[in-house]
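What follows are several structures.
The following pair of complexes shares a single chain, chain A, combined with chain B in the former and chain C in the latter.
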Partner chain A sequence: MTAVVGAPERSSILDHLEAAELRARRLFRLKVAATWLALIGVVLFGLWITENIDFAFIGEWGPFIIGGAGLTILISVVSITFATILALAGAIGRLSGNPYFNGLASLYVSLARGTPLVVQILFVYLALPQVGIILNAVHAGIIALSFNYGAYMTEIFRAGIQAVARGQREAAQALGMREQLVMRRIVLPQAIRIVIPAIGNEFIAMIKDSSLVSILAVEELLFRARLVGQQHFRSLEALIIAAVIYWILTIVFSRFQERLERRMARGDR
Partner chain B sequence: MHLRRAMPALAGMVLIISACTGPGASASPSGAASAAATPTENPFADVPAVVCVGEATTYLDWLNGVLQPDVQDPIAEPAGTAGDLLETVQSNGVLRISTDSNYEPQSFREPDGSWVGFDIDVGTEIAERLGVDAEFQHQDWDIITAGSWSGRWDISVGSMTITTDRKELFSFTQPYYYTPADIGASTRSGLSTIDELPFTLPDDVEAVTRPTDANCIEEIGAGRPEFDLFITSGTVIDAATNAGQPVVRISDPLYQENLAIAIDKAGPDHDALLFEIDQIVGEMHEDGTLTELSMKWFDEDLTQDPGG
Partner chain C sequence: MTDPGHVVVRTIAIEKYFGHHHVLKGIDLEVRQGEAVMMIGRSGSGKTTYLRCINFLEEPTIGSVEIDGLRVDADPFHARSRAHVEQIRQIRIRSGMLFQEFNLFPHMTALGNCIEAPMRVLGIPRNEAVSRAEHYLQVVGLVDKRDQYPARLSGGQKQRTAIARALCMEPKVLLFDEPTSALDPELIGEVLTVMENLAHSGTTMIVVTHEMHFAREAADRVVFLDDGMILEEGPPQQVLNDPHDERTRLFLKRFLSI
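After this line comes the complex of A and B, so read on.
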């Protein structure tokens, strides 16, 4: 029973405590939000005071810069999809009893995590043509991002698979299921539930790492911001626009992820 | 032993000290020292003896004393067009043109994302006369001039100067226009001619490079102090001055640039395409199209060979 305001005889002491806790939590969140607004306000005020912010420029070129976000999101979504597929294969390989499959997977993880992402991007675009593989800039960027993120996600998925209680696997084996069936029907569905939050995190990181593809002259958000900022020496305005858009994208997808996590956790209550 | 425990701290200190006294830090202290030491009889004594140029440009070659201006090789009428890049272009209906889109007034962008500029207009016209559409791709200048385009685009309409070195990598058409290479200076330096400088170019100066010469102007405009001098096409300096950027031309032409369309020699066979485009450029000279475009973007006719 929840506390009834104004009718103390209908509320129990536990309800009062609960209500007080709720109020305290809400007040806390309100104060945090107020702090956010105050800090952002201070920064905006500081910029405004320098009288060096060209709002006409922002109005004129803002749409062009923001238009790059479309390609940013596209690259991120496609890359995270491929990376997830690579990661599933990699995780199974890392846990595999087959030494060759295991070796391939562990080499992949070591190589992809051991070389800088920007080197991988440049490699796919500039180095591969020398051995006859020519890719356009967007494809090169997606391949490099998928390759790189697939390795990090491999480790996450591996942990997720291992986190599925051994009892599940043993029960499945007791029922006579073959290893492949166990993996496919029992372990992976549960593992995926565990790793979805991790995929969400990686996707959010991917949105920001997609900015590295700008070095291949891909017309995404950062490329456009730098082009326009340098051309009119308004890099402050242009880069702030880009940073804010990345921030907004991150916040939006974080919210999605929080909702998704809460939804999936419902079964646990 | 105490030494063993001190090792990480010692290693850290060595790293920090070497970083501080490395090339990064030496620029500013020595600059400040020389500025303080020289007596200010010459009001331009504290102009840094540094000249900014674009990477992979002939301006850098000039500073390094290795400039070799040249003319295009004679272009023979091809035997046929079978298997030629011309055929590919015409069957695809698209001519892919590389250009650096931060190079006003030759090539730059409008807020709606469209490409504009002298090079853009020339490229569009050429594609039209070939009966195809023009598709522009931004590429960094040093990637365009490195050759080996891996078939990513077909031609460069990017105001490329014909030099002996470049002829080994590219097939050039006849020049479509000519510009002077000039020295520019920031207005904050107060210079109006190069004779005012206490040092001579190109001998006494250090070259710094940026991705393009346009970046040099932009950095001056953004107030960065590393250099006051730069070399670029006179057209670029004039466009910048007219756009209100704080730079001026301060020299007579250092040399004339023959600017032509280039095709990658390491790419597919292109004798027919080269011949066709060269013919088109010739026609555009004769029928006044190039002169018209030159007047539009540069307020002067730069399409006549100055012979210099």
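After this line comes the complex of A and C, so read on.
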């Protein structure tokens, strides 16, 4: 019976413990955030005190540079969409028993992953016109990014398809479904759920890699930063602005992706 | 229903090699309309492989399978011609299979699982497929779970849903591959009850099982498989109570004593 007498006391101690743990965790996070701010502040303050950074320039040209973010996002979204479609076809080809499809898909993956993205971008824009295919810079950039990312994502999709339990395929076959129907109705819907987090990672990488199309004079974020920076001999400020925007974009999409992942994990229960 | 007594499933000299490993050594079996045949034997005796050979989830090395008059010969070189693939598909349409792990489609509701193949394989219109699915979900006692996803069903409910899914194709024979061995003990009964009802209501079935009591209750015939061959077959009382073969006796003694 003594345990009952002690019970309320003990539970209040446990409450205190819990609250203390929560406080400790919060304090830890607060200190981490403070460290970030301090480090960034020291650098900016150092630049300002040595008169190496011109905040007025940032105020004046910041909006123009940030205006390039729209095109950056547009290029990334369109490219990831095409890359996903390519990857789906590529993965089916890589897993195909047909040697010709298989060969086509594996050649594509090998070629696209074995050559630098910059070379691919320049090739589409500068080399293809020689065989009569003339594209504007934005289209060329999107094609090259889709081509490149499609190959990496092919491997992601392939792994996703293979991760669908073998029994799923067998159950569908046992019901008399043709190969194509099994893929479309049973395997792919499950594989896509598996690969969505990985596609999110690719999209974040794509936002950053889309800066490479600035070499084609596409007026996206990085191009604008370089343009303004070089014109006014203020590349430091201009590139800091661009870097910060890329950084914010990736943080925002990572958050979004985390939430999506959590939502999907809930759906599995 | 066709006339009782007519042969629904016939396998002729089924042999299966995995590499050089001789798993099935020539299995002849005839299953008649309405018959419930239970296959028993040690693990590794080839029961499951044999069952999977019947609907070609495992391609037999030698032999042929006949279901409801459609005969398909083994294709040992796996040439897999278009015609052969289509014949296999026809065999699969005529047979329904139940798996140890249920293999329900997790991204579809119980009803979705049941109407998918009737609609897309048999080409039945949706409303007809739905009423058919409701009927068979009723048969397995799960019509109230029609809108649940498999993740929300217990193991026993999953297997019963899988049975309804198979029945929706109105196959000539149901093939059960140890349908209760992945289930918690307290959930086995509900699945066996459904199976027993099906057996007594004239569903043709071949069941690979370790449930001897169930075999005794529901089987019309028990087949004892050992080392890839049929060692003994007959009515359950005879095979289970008074086996002719020494190895059958040994197996049953060991099994029933556990």
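Please note the rule applied: the second predicted complex is superposed on the first by the 237 of 269 C-alpha atoms of A that agree within 3 Å, B and C clash if a C-alpha of one lies under 4 Å from a C-alpha of the other, contacts with A are read in each partner's own complex, and residues count from 1 in each chain.
Just so we're on the same page, a residue touches a chain if its C-beta (ideal position, glycine included) is under 8 Å from a C-beta of that chain, and two chains touch if they have at least 3 such contacts.
Note that the coordinates shown come from a computational prediction; the quantities given were computed from them, not determined experimentally.
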Exercise for the section: Of the two partners chain B and chain C, indicate the one touching more residues belonging to chain A. Expected result: C
Practice task
Answer with first, second, both or neither: which of chain B and chain C does A:178 touch in the superposed model?
Solution key: second
Exercise for the section: Could you tell me if A:170 is touching chain B, chain C, both of them or neither one (first, second, both, neither)? Expected result: second
Practice task
Could you look at A:186 and tell me whether it touches chain B, chain C, both or neither (first, second, both, neither)?
Solution key: second
Exercise for the section: Would you sort A:134 into first (chain B), second (chain C), both or neither based on which partner it touches? Expected result: first
Exercise for the section: Identify the partner contact of A:231: answer first if only chain B is touched, second if only chain C is, both if each is, neither if none is. Expected result: first
Exercise for the section: Go through the superposed model and pick first if A:262 touches only chain B, second if only chain C, both, or neither. Expected result: neither
Problem - Shared contact residues on chain A - chain B and chain C - result: none
Completion exercise
Within their complex, chain C touches chain A through residues 55, 57, 89-90, 92-93, 95-97, 99, 101, 103-107, 116-117, 120-122, 151, 162, 165-166, 169
Exercise for the section: Could you please specify the touching residues of chain A with respect to chain C in the complex? Expected result: 165, 167-168, 170-178, 181, 185-186, 189-190, 193, 268-269
Practice task
Quick one: which bits of chain A touch chain B in the complex? Just the residue numbers, please.
Solution key: 60-61, 63-64, 67, 129, 134, 136, 217, 219, 227-228, 230-231, 233, 235
Practice task
Quick one: which bits of chain B touch chain A in the complex? Just the residue numbers, please.
Solution key: 101-102, 104, 108-109, 111-113, 137-140, 148, 150-152, 214-215, 218, 221-222, 245
